[in-house]
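Each of the next two complexes has subunit A plus one more chain, namely subunit B in the first and subunit C in the second.
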Partner chain A sequence: MISFSRREKNWIPYLLFLPALIYLAGFIGYPLVKTLQLAFTSEEGKVGIENFITLTRDSTFWKALKNTLYLLIAIVPLQVILAFLLALFVNGRFKGYMTVLYIICIPLALSDVSAALMSYNIFTSHGFLNKLLMKFGFIDAPIYFFGLGLSSRAFWVIVLTELWRATPLVFIILLASLQVISKDYFEAADVFGFSSWQKFIHITLPLTMPSLQSALLIRTLFAFQIFAVVWLLSGRDIPILAGEVYYQQAELINFRLAATYGFIIALICILLSWVYLTFLKTKHLEV
Partner chain B sequence: MKSQRIPIALKIKQLVTIIIVGFIVIWFLAPLVLITISAFASPGDYYQIDKVIPTHFTLNQFKSLFFGLEAWKAILTSIKVAGITILLSFIMGLPAGYALSRYIFPGKNFLKLLCLATKMFPLMVLAVPLLIIFMKVGVSDTIWGTSLAHTAMVLPIIILIFSSILSGVSVDYEEAAMIFGLSRIHAFFRITLPLALPGLAASAIFAFMMSWNEVFVATILTLTNRTLPAHILKTAMASPDYLKFTAGFIMAVPAMVFIFFVRKHLVTMWGISLK
Partner chain C sequence: MLKRFIVVLIICMLLTSAAFAAEVLNFASTQMVPAAEQIFAKSVLIKGFSDESGIKVEFIPMEDPDMFTRVSAEVAAQKVTISLVGDLHGGLDLMNTKALFDDLSGISLPNRTFIKALEDYSVMAGKKVYVPWMQATYVMAVNKKAFQYLPADLKVEDVTGASEKWTYDALLNWSKNLNEAFKGPKLGFPMGPKGLWHRFLHGYIYPSFTGYQAASFDSEQAVKLWEYLKELRPYMHPSSSVWESMDEPLLKEEVLIAWDHTARVKNAVIEKPADFAIVPAPRGPQGRGYITVAVGLAIPVEAPQKDNAVKLIDYLTSPDIQVKMLENIGFFPTIKEAEGVIPEGPLKILATGVLAQSGSPDSVIAMIPSLGAKGGEFSAAYRDTFTKIVIEGADIGTTITTAGDKLRAIFKEVGVPLL
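What follows is the complex of A and B.
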């Protein structure tokens, strides 16, 4: 760090940060205030909780909330476990591990739209899975995963797609934390004759715990943003919170209800972050 | 005896590693390979139920997607939006990242936390009010509107990435240059910037991909000037299946190419952006 010289006044770093700060205030801060305002204003312009009453009377809202939570529960724990196993494996640094790392990371760069279409390609009635199963005589007619009344099947396809698409995100966080664990710990453990399992429990796990927690938080927050995969694979058959924001806004052009849905998502995210930060004592959120 | 056993144990370990690697490669690559096949497969082969691997290939889907559904326009829009997003986030992100990496000042941690905190608010929350604001100002349904929103998404993360990249360039070089009479601005542009260039290029690619892939805000904010994902989201559901696969493939291509270029920065970049 450069210390302040007389020539350089203390205001320089603030000046350097100012444009970004103004931009963020204008394009994130102000819209957030606007969301609040929209959510708490009724159709006639009265301030109140009318929008929330309308929302809670609508059964779709409860379904959307329920489905979002179900997706969260189905995806996140499995994803974190899978990612951890993958990270441990790749961190073994076998020959050619960089190539494997690269392959695992490809889905990182893919959009959710693309990922959804890829899994549609596999699971649709004329998709590879059905054709393959029929070829080998396991089934006589294609299994339908998408369509009316099949939302429970589509649900699992969505879970699988999200596992494929977003496990690498968790993987890379965990790998980063595994890579910085000093080898000295393991050498010391070897001296004391620890088994690999003991090493894992007493060294690897505690040292990666902060990253595990933040991966868990970030994935939970992202789970509330799942949109395109669900929207493309099931439309509104599986209503979810983010999908309802889109539906209210783009199809019904109801700004207030869309904002109310948005407000609820934001509220849940803030609450979750607060719970995580308070109870898990994640102190490493600073870069 | 013992000396013979060890190679066998090693061999088993190697075999297990190879099997696991095989599983990983198949699991992560299969969807990509399959959509590539489907993107080029002729519709006739696709609808023939007993034909698992198509044998006839065609470029007709690409033609009808590009020109019939005007995807070329959407691709152009996507590139323009991503370009403006990169430009804006670099103009504002570089000085901010520099401030974080080179100065100690009160409120620094607060600013860092602020950048991280923006991730708490999903874009869905911002999309609706942004549309209202843009409609008032008259930039709704324009390339600029989408770019401005994407910059809001990219900027906080890019500031943190820049801060970490610039911290990686030793201050000593800069100080040495300043001792030789260069001003701080000159020292930055002549010394630090060239040294940080590879990292900055990777950041630009990262920003490009974030913008290229973003679909929610792009769909909400535009009707005619849609980016590619927004265009696909709107038209894909109404198109025949084989066009969907071609669309999915087209969207995936730049992602696969770009991630190859930034593969050395993967851990740093996403490590930061997701912390």
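What follows is the complex of A and C.
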């Protein structure tokens, strides 16, 4: 058995967390500093905002920003509403609710790439949906859901895929929150003659607000990172911020503009997090 | 006690890594990166060589930018671990400009007659930078069903034999016929983000219409080219914009005519050899533009296992291995000795198409320009021009003038003559 002196014992805790610290510094800290450095350095090596000027002069940047925001606006509210309804439904604890819970959670096990490929196989011109519609005589020729000049249709296929893929995450957070609400509140409400709607507004909603805030925050931040689903279903027909980071870095090998895109995404995420944390601040509540 | 324990641990780790470094020959390649091709590289190519020579090889597949970064970093740090590099001509050319490779003119590879054009291409400013390893091109794959809908004045032999009648106008009429017959577009291109659509634009249709890849980018002939593409657009399958390779859409019969890299249509021909024909690309007013892709093997300076790397080059360029590579990944041999040993079957179908294309008298051969890190911007200029003009309906003249200036600036910056 290895024995340690008193002096050694003093620095052993630091030694134990040193690998984690080195890992964080090397794989998160260093790239972060390097990204900042790249974003604020021009091709000639001058420090300044030249990369940001180049980016804002490129129409693709504005398209990417607009599309990312549109996706955010279309996906996040729908996801939260859907997840809330599903959580309330499952929280009813009817017979077989565990089976329903498992079915809802299946997409959690899927990567975004798998989800996108499944979606592609459903909606492509020779996909399951078109085959089904043609088999039953609803259509003669396949409907094209994505492709050349069809970016608005592809947009909704992406929204649908994301809804299916990522709603369970919000659902799990909200369900966990609903399950810890004490029955006493509802019993007291019954005594005062609250309707179901009043119970939802005055008890369920305020008590799930902290979880709702976390779910909103996580989903909004994830929505800014959305990449594989858009990339696989529309290529660059629908340019998005995260996609442009990849495109600049891997295809155009322009590390500076890729870092600038990355910096802008980080900035927007920080700003939105601040908005959420400030305006959705929960009042002190005891559960 | 603890200090002693840590020191012993570190020494053990260093010794183990040093022992591994000394034994294994690291072969980094930007080719054979897809999973199925990696399996072939490791379990057939590398295993065969190791069994034959007793030399252990680690096959390291990597993307283009990673290769450049890693080889540059290793040479700069004087800690080279890669002994052999397999890359496209353009990538090798770029790394050679940074003096990262040895001169291979002294190495001996007996019983090999390399194709002259490729051999000439591998010598840069008097230095033999690489040994031609494999070559490829891009062709059109046609489902034989489509031959029933050829335009009246076009015969199957005109298409397969690259006659003067097999033109871009003929392709347009053929696509129109298919569109009517199948109630939807049946012509497809790999326009997805990782697809090679830009190669079609700069290496096929541009030389066919203007005689050059970029030199006449905003010429009057180029205006006609873009007008042609606008006319062809309704007959292009909409899903083209998400396809990265055309073998799957061909097999599913989503398209009946497709253009792509030979390696990316190979699976369709192998799976259903009776259904497909590989035909040359059509010609335009200036001739039949097409690209030849050369892949080479180079040895980095201060590579730890140079002699073994030469043995591996010798093995990889032997006729049997060259045919195996054609069989498995669809790249064509670079040595004449391999030509006679290509077996009958799907590969012959591929080879026939490739040979008909390269043997056509009206050839306008295009080589992928060696623009290094600016290669992406070059490709993007063509793709973006297509999106703006054909998809978004932007004015042809203004768009090609702007993109043309950008292209000329790229060539000027890199110091490569305009092609």
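The criterion applied here is as follows: the second predicted complex is superposed on the first by the 260 of 287 C-alpha atoms of A that agree within 3 Å, B and C clash if a C-alpha of one lies under 4 Å from a C-alpha of the other, contacts with A are read in each partner's own complex, and residues count from 1 in each chain.
Heads up, the rule we're going with is that a contact is a pair of C-beta atoms (placed from the backbone, for glycine too) under 8 Å apart; a residue touches a chain by one contact, two chains touch by 3 or more.
Every value quoted in this text rests on a predicted model; they were computed, and no experiment measured them.
S.K.: In the superposition on subunit A, see if there is space for subunit B and subunit C together, and answer fit or clash.
M.R.: clash
S.K.: Touch test for A:H126: subunit B only (first), subunit C only (second), both, or neither?
M.R.: After superposing on A, A:H126 lies in contact with both subunit B and subunit C.
S.K.: In the superposed arrangement, which partner chain does A:L232 touch: subunit B (first), subunit C (second), both, or neither?
M.R.: In the superposed model, A:L232 contacts both subunit B and subunit C.
S.K.: Between subunit B (first) and subunit C (second), which, if any, makes contact with A:F224: first, second, both or neither?
M.R.: In the superposition, A:F224 contacts subunit B only.
S.K.: Would you check which partner chain A:L16 touches, where first means subunit B only, second means subunit C only, and both and neither mean what they say?
M.R.: First partner only.
S.K.: For subunit A, which side has the bigger count of touched residues, subunit B or subunit C?
M.R.: The partner that reaches more residues of subunit A in the superposed model: B.
S.K.: What is the contact status of A:I253 with respect to subunit B (first) and subunit C (second): first, second, both, or neither?
M.R.: second
S.K.: Touching A:A266 in the superposition: subunit B (first), subunit C (second), both, neither?
M.R.: First partner only.
S.K.: Once the structures are superposed on A, label A:G147 by its partner contacts, choosing first (subunit B), second (subunit C), both or neither.
M.R.: A:G147: touches subunit C, not subunit B.
S.K.: Output check: A:V113 vs subunit B and subunit C. Expected answer is one of first, second, both, neither. What do you get?
M.R.: Touch partner of A:V113: subunit B, not subunit C.
S.K.: Of the stretches 59-67, 185-193, 203-211 or 347-355, which one of subunit C hits subunit B?
M.R.: Stretch 59-67 of subunit C has C-alpha atoms clashing with subunit B.
S.K.: If you lay the two complexes on top of each other, which residues of subunit A touch subunit B in one and subunit C in the other?
M.R.: Of subunit A, residues 2, 8, 12, 120, 124, 126, 142, 231-232, 235, 250 contact subunit B in one complex and subunit C in the other.
S.K.: Hey, which residues of subunit B end up touching subunit A in the complex?
M.R.: 17, 20-21, 24-25, 27-32, 34-35, 38, 46-47, 49-52, 88, 91-93, 95-96, 98-100, 102-105, 107-109, 111-114, 116, 118-133, 148-149, 151-152, 155-156, 159-160, 163-164, 171, 174-175, 184, 209, 212-216, 219-220, 229, 232-233, 236-237, 241, 244-245, 247-248, 251-252, 255-256, 258-260, 263, 266-268, 270-272, 274-275
S.K.: Across the complex, what residues on subunit C touch subunit A?
M.R.: 1-2, 5, 63, 65, 183-184, 191-193, 233, 236-242, 252-254, 373-377, 379-380, 391
S.K.: Would you tell me which residues of subunit A are touching subunit B in their complex?
M.R.: 1-2, 8, 10, 12-14, 16-17, 19-21, 23-24, 27-28, 30-32, 34-35, 38, 86, 89, 92, 94, 96, 98, 100-122, 124, 126, 128, 130-132, 134-135, 142, 164, 168-169, 172-173, 175-176, 179, 214-215, 218, 221, 224-225, 227-228, 231-232, 235, 241-242, 245-246, 249-250, 255, 258-259, 261-263, 265-266, 269-270, 273, 284-287
S.K.: How about subunit A: which of its residues touch subunit C in the complex?
M.R.: Going through subunit A, the ones touching subunit C are 2-4, 8, 12, 120, 124-126, 140-142, 144, 146-150, 231-237, 247, 250-254.
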